[in-house]
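Each chain carries a letter (A, B, C and D) given by its place in the written order, and its residues are counted from 1.
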Amino acid sequence: MKYHLTQFRVRYSETDQMRVVYHGNYAQYFEVGRVEWLRNKGVSYKWMEENNIMLPVVSLSINYKKSAFYDDQLTLKTILKKQSTVKIEFDYELYNEQQELLTTGNSILVFVNMKTGKPIAPPQYILDLLNKIE
Amino acid sequence: MKYHLTQFRVRYSETDQMRVVYHGNYAQYFEVGRVEWLRNKGVSYKWMEENNIMLPVVSLSINYKKSAFYDDQLTLKTILKKQSTVKIEFDYELYNEQQELLTTGNSILVFVNMKTGKPIAPPQYILDLLNKIE
Amino acid sequence: MKYHLTQFRVRYSETDQMRVVYHGNYAQYFEVGRVEWLRNKGVSYKWMEENNIMLPVVSLSINYKKSAFYDDQLTLKTILKKQSTVKIEFDYELYNEQQELLTTGNSILVFVNMKTGKPIAPPQYILDLLNKIE
Amino acid sequence: MKYHLTQFRVRYSETDQMRVVYHGNYAQYFEVGRVEWLRNKGVSYKWMEENNIMLPVVSLSINYKKSAFYDDQLTLKTILKKQSTVKIEFDYELYNEQQELLTTGNSILVFVNMKTGKPIAPPQYILDLLNKIE
């Protein structure tokens, strides 16, 4: 399966005075989504960093269609779009409890060696986990 | 002049454990940039909201080229890209003290009547201020 | 029962360059704790605000004993300490998966009428819910 | 002089749906205050971390008296309360443009060796800078 669903509730601290989720906070939600996507594949992002591989974001785009509100129980669909040797690209779709599509997003991340700061291909067993068919 | 320069310093709270500015926090920086762009034109965004016009973001994109670090004194160039009756679009370029281009971004905002929640054309005097030649 | 346990995982965005949870972010955690404490009592804080009662924080204190780290699964114990007609006071204890006590906190909140901005006693049925014996 | 004044403007991202600064965000403001207090003494906190000394917060308390609002130009007074060999304690007073006292705070920080994770006395020249009479 190429996607993973994550659920979480909007915190008060995530709202702004428009009485909706602050538009910049969706970046945090997407990050939670891809970390859980990875965990679901058997890959802990924490473990990756402990093994000197990090995944910085090189591009992010977000389209805001409808607002998310305080205390909403949201469902984030994280979809693997594309994966090459050094890059990984995700699409995101965020839904509220009424199954309304609130926000879509996309981000590209690069595998980077934390010691050199240079892009690297991740170890084969990580690639195997990412590409395994469920 | 179609652009405005804003300077600010990276706060500790804005970093993450990669020891750089958290990628989601650039949305806040861009917001500061366009609010100061507006102020420089003679338009207070706070005043706009008090007069029932808000400017929610409908799309945001960010490209991360180089990292910003704690305590860096950054310069944000906010550029009016396009403005129609109900929309306003900005480009952003973020530089560090060495004049390196760290991040570029784009966001589109829509003028919305806070009472109806519907897009509206802003009052003529706001449009006049936004379009005045300096 | 005077306390409620809430679990959540530390997000990447919540860390800072000390490689621990940023000390200011515990305020968000405590807020999640007391909202879930209320929900467990049958009171939705969202519903309270929709009915013009808000609960702003008037004091907050936090003691930091051990660090919380990225991806830690934390357990927050939210304890009702004291409740008078217009105030409500909570203690907080935050534990990691090894049952180590990381942080303790306390906050006092006041019931405020959102229209007048003045402290008020909440409606009797809210007080009844808050005080019911389980 | 034992205190330092810092000015900054409230960002939109710092508000919540009560239409005031989110109560957890004052921790960030106080941090900006003490970093500028240090800088004013000739000590760069960034430099300290580069030299393996960090200053984690071990306790924080905040009293909220009046709200700070979006776009307010705030003045933070950071006051050295006490300094021992390994600890440093600050009081904070936050004022708006009408000179109203909005918030008071206190935090205690400990000098820690980043390599060992243990409290240490900072080098003498840092102590000299911190204690110099102006």
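Simple rule for what comes next: a residue touches a chain if its C-beta (ideal position, glycine included) is under 8 Å from a C-beta of that chain, and two chains touch if they have at least 3 such contacts.
Keep in mind that what you see is a predicted model, and the values were worked out from it rather than measured.
Counting C-beta pairs in contact across C-D and across B-D shows that the higher total falls to C-D.
With chains reduced to the mean position of their C-alpha atoms, the one farthest from chain C is B. Look at where the CA atoms of chain B average out and do the same for chain C: the two points lie 33 Å apart. Mean C-alpha position of chain B lies 27 Å from that of chain D.
Averaged Cα coordinates give chain C a centre that lies 24 Å from the centre of chain D. Touching two or more other chains at once are residues 12-13, 17, 20, 24, 27-28, 31, 49, 70 of chain A.
Residues of chain A that touch chain C in their complex: 11-13, 27-28, 31-32, 35, 44-46, 49, 70-71. Taken in their complex, chain D has these residues touching chain A: 12-13, 15-20, 22, 24, 70. For chain A in complex with chain B, the touching residues are 17-18, 20, 23-28, 31, 49, 54, 56-64.
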